[in-house]
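As written, the chain order gives the labels A, B, C and D, with residue 1 at the start of each chain.
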């Protein structure tokens, strides 16, 4: 029984099978990301009323908040798939982890820059040591650490396992880091800074925000599939299925 | 198992005392860096007190970071690390022995010299005591987390910058709470919360970091 | 005693060997042969459990070594290319340090006798850094002798040894075999062992058709 | 609401449009870079196939 399930998992997690399947999935994710994203942008830019305090500048949150959510989500995906790769030695999981890192890092970067662009009119300066921005910066460093370790180790297998372990250690640390940064922030700044995600948010603002978050997520799924396909091609470059595929092109 | 722990700890301590000139390096670095700040910023008591907790803690962090290499580098280069991994004793225990030795050789000296630096930085007496406690709880965490980082990078050529990129973000909670405890103590406020947090982080690191280090070492050995 | 099943090893995306099967029973000596870079060291490191194979497993007394490390490592000793010698420790301390990781408490007399056998009598208090590379390797020989393991895994044990050193290694292996122990080794130097010896040509297992696997 | 008012964003045009522009830039970069990467990988494998054919023919 257990053996049968194992065989089944191995079959469906083989890079070759994944490569064939993913080709069919990507368009769905990409198209729905595009539709939902455009609709979300339309609602966010045209329909949502201006904020009574921040005027029009608050419209940055339709990018900033989903990007911040995604940067954390992608890190979780990365750590979980790295864990699967290490424990059960499923190569596809390692590939997903490696493919996620650059996307997650760009979300973290986007959240950082939009956060400071939003902050300039609000705080009068581009950078304030706000808890959210500081945590985001640290998260970006965690991504950089992962990618640096991944590229520093020659042997692919060791590189995957080593950087995967780092991602897991990072996940254990993220709540602690987050908590200490929040705590540190309340000490030094008090609660004067208006938070983005206050629960009293107007429904016309909340809907575009959630739509944008969904669009980002679908975009991530599409892109992680594309990148994982690349990883599969590259890592299996000496195997028959890749050779046949390439000669057939 | 306890014997293996004890013998490995003793071996590392003996090795360190055989090359005494290296022994003092992190300590000298620590004092030197702290000394730079009054020169660069301002030697008035007020300015010193404002920056003292942060300066001392950041310097301690960097001193530990620089010394992390000696945790596994030499053993890796001469092959002893392989023998440790082939020991019938659990690798976690051996890792713990090595980390303990590292703490005795870097963390503990930093804790002991800290009162002197408190004096340099014009810290009031009560906060010097808190500084010692916070370092006492915090430096073992630095060694424990650092061990994970070194074991991942020990096989990488020129892994020094990589090590700091990996390890420093993970040090942030300890830095925040350690420095804040000293800061708060200067105002005569209670610091139990901060010290409890550091103790909790230490307990967590003590239970998880050796495991992660053992896994990381096996990954590194599987070249 | 030791069993290798369907082992496959890939390094730097090159297939070194695959579908490697063999077993080693008590009293057997086996030489792993093959040209440079064919994966001899990798094979020995896999057999020790230091390296993870791409596929397959290593069994000790019928059980995977990943599940009974403790028992396996208590009965196996490995020496690799690196000398494992600390320059700042004396010869005696070096041997002790190696034995301590295996939790072996061996009395001073036996240790000194082993050191004398490998030609290091009188060197007990000399620090490792003052030794020649041949002498350092001899410390390892003393360690192998004292480790009391049933299985010896020796990667290039003759490196840096002189004629007497080679002869010593040969006689040690013969004695170990006579006592029912097994040895697996690689060497580029000629080793004349006066006994039945199995050998395995590793390059025969680097199947060119590995691209077949998906 | 007219368009110039819309683009003005209540005086916050620079901050809002830089943010949206950056988002677009990053999304496009995230789409283009794996495509580019894929081309490179395929070219590399093709070269390897060619090289092996030459080596194989010789032996």
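Operating definition for what follows: a residue touches a chain if its C-beta (ideal position, glycine included) is under 8 Å from a C-beta of that chain, and two chains touch if they have at least 3 such contacts.
Note that this is a predicted model, so its numbers are computed, not measured.
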### Query
Measuring between mean CA coordinates, which chain is farthest from chain A?
C
### Task
Averaging only over C-alpha atoms, locate the centres of chain B and chain C and give their separation in whole Å.
36
### Query
In whole angstrom, what separates the CA-based centres of chain A and chain D?
17
### Summary
Here the gap between chain B and chain D, centre to centre from mean Cα coordinates and rounded to Å, is 42
### Task
Please compute the C-alpha centroid of chain C, do the same for chain D, then give the distance between them in whole Å.
51
### Summary
Multi-chain touching residues of chain B, meaning two or more other chains, are 222-223
### Summary
Each of the following residues of chain D touches two or more other chains, namely none
### Query
Which residues of chain A are in contact with two or more other chains?
155, 157, 237-238, 243
### Summary
Here the pairs of chains that touch are A-B, A-C, A-D, B-C
### Query
Once bound in the complex, which stretches of chain B touch chain C?
1, 3-4, 7-8, 11, 14-15, 18-19, 74, 77-80, 82-90, 94, 221-223
### Task
Quick one: which bits of chain C touch chain A in the complex? Just the residue numbers, please.
10-13, 15, 52, 54, 210-214
### Query
If you look only at chain A, which of its residues touch chain D in the complex?
45-46, 50, 55-57, 59-60, 63-64, 67, 102-103, 106, 109-110, 113-114, 117-118, 120-121, 219, 223, 226-227, 229-230, 233-234, 237-238, 242-243, 246-247, 249
### Task
Would you tell me which residues of chain A are touching chain B in their complex?
86, 138, 141-142, 144-145, 148-149, 152-153, 155, 157-158, 161-162, 165-166, 168-170, 172-173, 176-177, 179-181, 183-184, 187
## Note on the structure
The residues of chain C that touch chain B in their complex are 45, 48-52, 69-71, 73-74, 76-78, 80-86, 88-89, 93, 97-98, 100-103, 105
